[in-house]
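Structures incoming, each one as structure tokens.
Across the two complexes that follow, chain A remains constant while its partner is chain B and subsequently chain C.
After this line comes the complex of A and B, so read on.
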């Protein structure tokens, strides 16, 4: 159903007649991390595609996408934005510590604020919050192991010690309770491919029988698979990552037995955030609130819906 | 910003060119309670306005709005819908008990399900859930009393004993903690104007000094005000209702001292739900998830944004 439309987001747009009659002029600034990692590369791609489509769909709408290489640069970028007329800011903050005050300053000027993914320290600043569902991300992954592995030994990759990571892992383990699936080891690998490669090498040395791997992230899954390949071990039945990297979705689509599924944490959530922000200005539907997007199990059946071949991620 | 556009929701619509190229055909059914109460009257109004605007904005989209006078009738209406090709169902269920299974049957046919306001017994059925924020509804109201009454005696009106009511009232009381505002009495009045009239008569007889009333609902606020009027008492400084009934919003706009504010729980959330459902079919932005709309304090400053003179509510 969805993928019938070309690139990125097909605009959430006002019927042109009504909008022109209003002669509206709305500027939405989008402040996001630069494409320094795979996932943020996807964010940049979807933000730029969506900006074009929204501008086409909403007469009078101008969307400015600004990428920043780090938190300090993003804070500066927000300061620069304040010299312009900006009606709304959609911001995916590098981190809460550096960005909470800069976003608060933008808010004080009457700007509508939409925060994406990583929350600010003071939620009162935001008008809209769009985020993934981290507890569900762990739960969906855990359920996949229970339903498909049924019983066996699993090693678990953690990301960086954060609330997000804790929510994911604790719910993964809760989903396994009472099943025959056993977590025999878990380590942090910083959502990083190389770190995951090294951790998986250790796991393979320590554990003679590993039935499946919860890599919990597609970048880490790539490192895990490389370690398995080099070890020539054949006991690992499958690796479950997470996020929706296009290489992994392609494998799922193609029926790759090592990558039979993925769990979504889509960088295209920036498109959702931009869409509901534009709708705030071009509709009477209430939009202020918190929109938590589902973590979806991606299998061969629905993989096409999650595949963006033109995205870098 | 928002109210510049005519009636109801201004469509969340795809740019016409892109949609025509796709020759899409999408049918969205909207199943809602008939206008048996003020709030549901508002739901019907906004659903019908939004249906027109979405059909205008999204080429190939057909929206069927079906109202039902009670839960059993709504269950039957869903059964009838299944004889047609329906791609999505937006449903505001009369109640969870009677509607959970009928909606599950619709889901089994591959229909995209958006649930509004009152949840089903099994949340796994829904693709999208759009709801008001009941804890915040109480918190915002409580904060209003702390900020504006500062100290004094307050009587509290409860609705019907439900989770919603409990969330609202407990958070209201939590917001008062440590302040000089004291709840001297509270009673259920079933979100009903006549019941609230009678309860307020009792309160006025029992309590020689009432500084303000948390009616917690606009229908109840009307009953409360009638009881105060008949009593000729002059100690009550203001009444705070809730929901966003147009008569109350008008009073807020006009600077009525007895109704200085309101707290939103907008029937137009049906428009939000219909908009994000249509966006699921006409965009690549992920839309599956839970969208909890803010309970907003409505004051003279922002009342216009919440005023729909053509709505029955």
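After this line comes the complex of A and C, so read on.
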């Protein structure tokens, strides 16, 4: 009795295998932070859009996107995902400490692991690592000031005191070395519009001549712009933000003189990661490795490629 | 000995409250002096007006917080509430100003009543912002009163709820006023002036004046203080405790609503980080102003000065080049503690 059932199952499996040869079945799970601020909002948008595109492009591919409000919830979400049959996991971890072990557990089941943006404590876990480039982000911005301002006084807005912020700002200053561009003041404004508005009002009071502003972030750039507009000062030639918020890209596209450029730190890096992961299963090309996305200078010429009017960010 | 003590007592009783009430003003004067010493640009008209205008949001919210704290309550939800109300207000103005297929039926109907002109959209936005803020405050008050739960816990809960709602509404992004026309029409409410005084300053002085009259001159105001100093005594004296407490939170809500009306025209947008930590700033302003956290006293004008002091400290930090940006927080904290020590030493000299 048992044997016949076993045989029957084997036959079933064989015929299923034959079907699979034509119709492959791959499940990719995507675990990302919930939309708690602009950038992660963008990540969620791009993850969902890319999931649809990939499922259309690769027959038999199933993409599950799961968002979590904090690190502990993300660890739980990973456990839940593993109860389903998952071939690959694309994860943008909330933080390195909390998520390293949960992702390691997933890896032990033979799942293909792609880590995005924030690295894990143990890089041996990941098959693919896709990340933005924070030092490059500062360098590109610094180079823009050297090339376009050549000489003058610049004020710098910092974000929240973190490694990311430190890498960006120190490389920005390194890029200015030896040029006529001088940083006359720096202040934290927490990647927040209201704080940036406040600090810029004070900068404008304190410094009689400011030639340009490195807001280092698009949210902060918006606060800075409003303060400049109120002061009616004409000395500030331009404001350089960063990240690639759609409102700012639009201004770059439209040729706004105050916002001539932007530096990308694209939330769509989740799409890159998902694409590479899917390609691992559907092509013969080697995919394992580290992908560092360039922090690109966005100008009027290439702004179109960075403009996503439907994204919340 | 006893005789002399008795003889001098009344005279002391007269000077004592004056000093206590004056101490925030003395701290303010000391800060102005400090500011003038660190930067020659500090005492310019433009700078002082900037600072006073910026302190308007916290000052207005803190007037409401004075009522809540004087009644021995606490509201931690004001920052999130401000973000939510600002977000909903902009959302309503966008929907009413340009109703489309995706506009919720209620808002489409509203748009039919007030019209789609900037004025109509503004009226709808302002109305809904005020109604929503009072409802949020009422919700806090009702749960605290009838649920008999510590206000700390209730408002910590609503703080999370309001914050999550704005995040959800904005999908993690930004809610921005879409109509350029409306944005320009509304902008002067933050940037414009009335008789030479910036409108936000006019608003916060008006709110403080009304708050002071209500707290000091009405039966309700005395009920608030009575409830804060001793609930049992207040109950036995016939104070309608539940009603007074709920109203205090509703007033707090209304103040948040008014602050939002002045906040929105500044940047024309609300994000999930709008109003972050405003609750702590409002509570700090109230305490710097001389209101005890345990309740039983309320000093509206002290609160307003407290809010200005907080903004001044931040302003002095940016204007001076003495402190590295890494240490700004530490110096800011130290200045606030020193200002409080000066105040308290004045009060102890009774």
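Keep this in mind: the second predicted complex is superposed on the first by the 291 of 313 C-alpha atoms of A that agree within 3 Å, B and C clash if a C-alpha of one lies under 4 Å from a C-alpha of the other, contacts with A are read in each partner's own complex, and residues count from 1 in each chain.
Everything that follows uses one rule, which is that contacts are C-beta pairs under 8 Å (C-beta built on N, C-alpha and C of every residue); 3 or more make two chains touch, one makes a residue touch a chain.
What you see is a predicted model, and the numbers here were worked out from it, not measured in a lab.
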Which of chain B and chain C A:203 touches, first, second, both or neither: second
Chain B versus chain C as contact partner of A:307, first or second or both or neither: neither
Dominant toucher of chain A (residue count), chain B or chain C: B
Chain B versus chain C as contact partner of A:266, first or second or both or neither: first
Which of chain B and chain C A:284 touches, first, second, both or neither: first
Contact residues common to both interfaces of chain A (with chain B and with chain C): none
Touching residues (chain side chain C, partner chain A) in the complex: 39, 41, 44, 46-47, 50, 54, 167, 170-174, 176, 191, 266-267, 269, 271-274, 276, 314-315, 318-319, 321, 325-326, 328
Partner chain A, residues of chain B touching it in the complex: 1-6, 8-16, 18-19, 22, 24, 26, 50, 53, 56-57, 87, 127, 133, 264, 266, 268-269, 271-272, 274-276, 279-294, 296, 308
Residues of chain A defined as touching chain C within the complex: 34-38, 40-42, 44-45, 158, 161, 185-188, 190-194, 197-199, 201-203, 205-206, 219, 222-223, 226, 230, 245, 247, 311-313
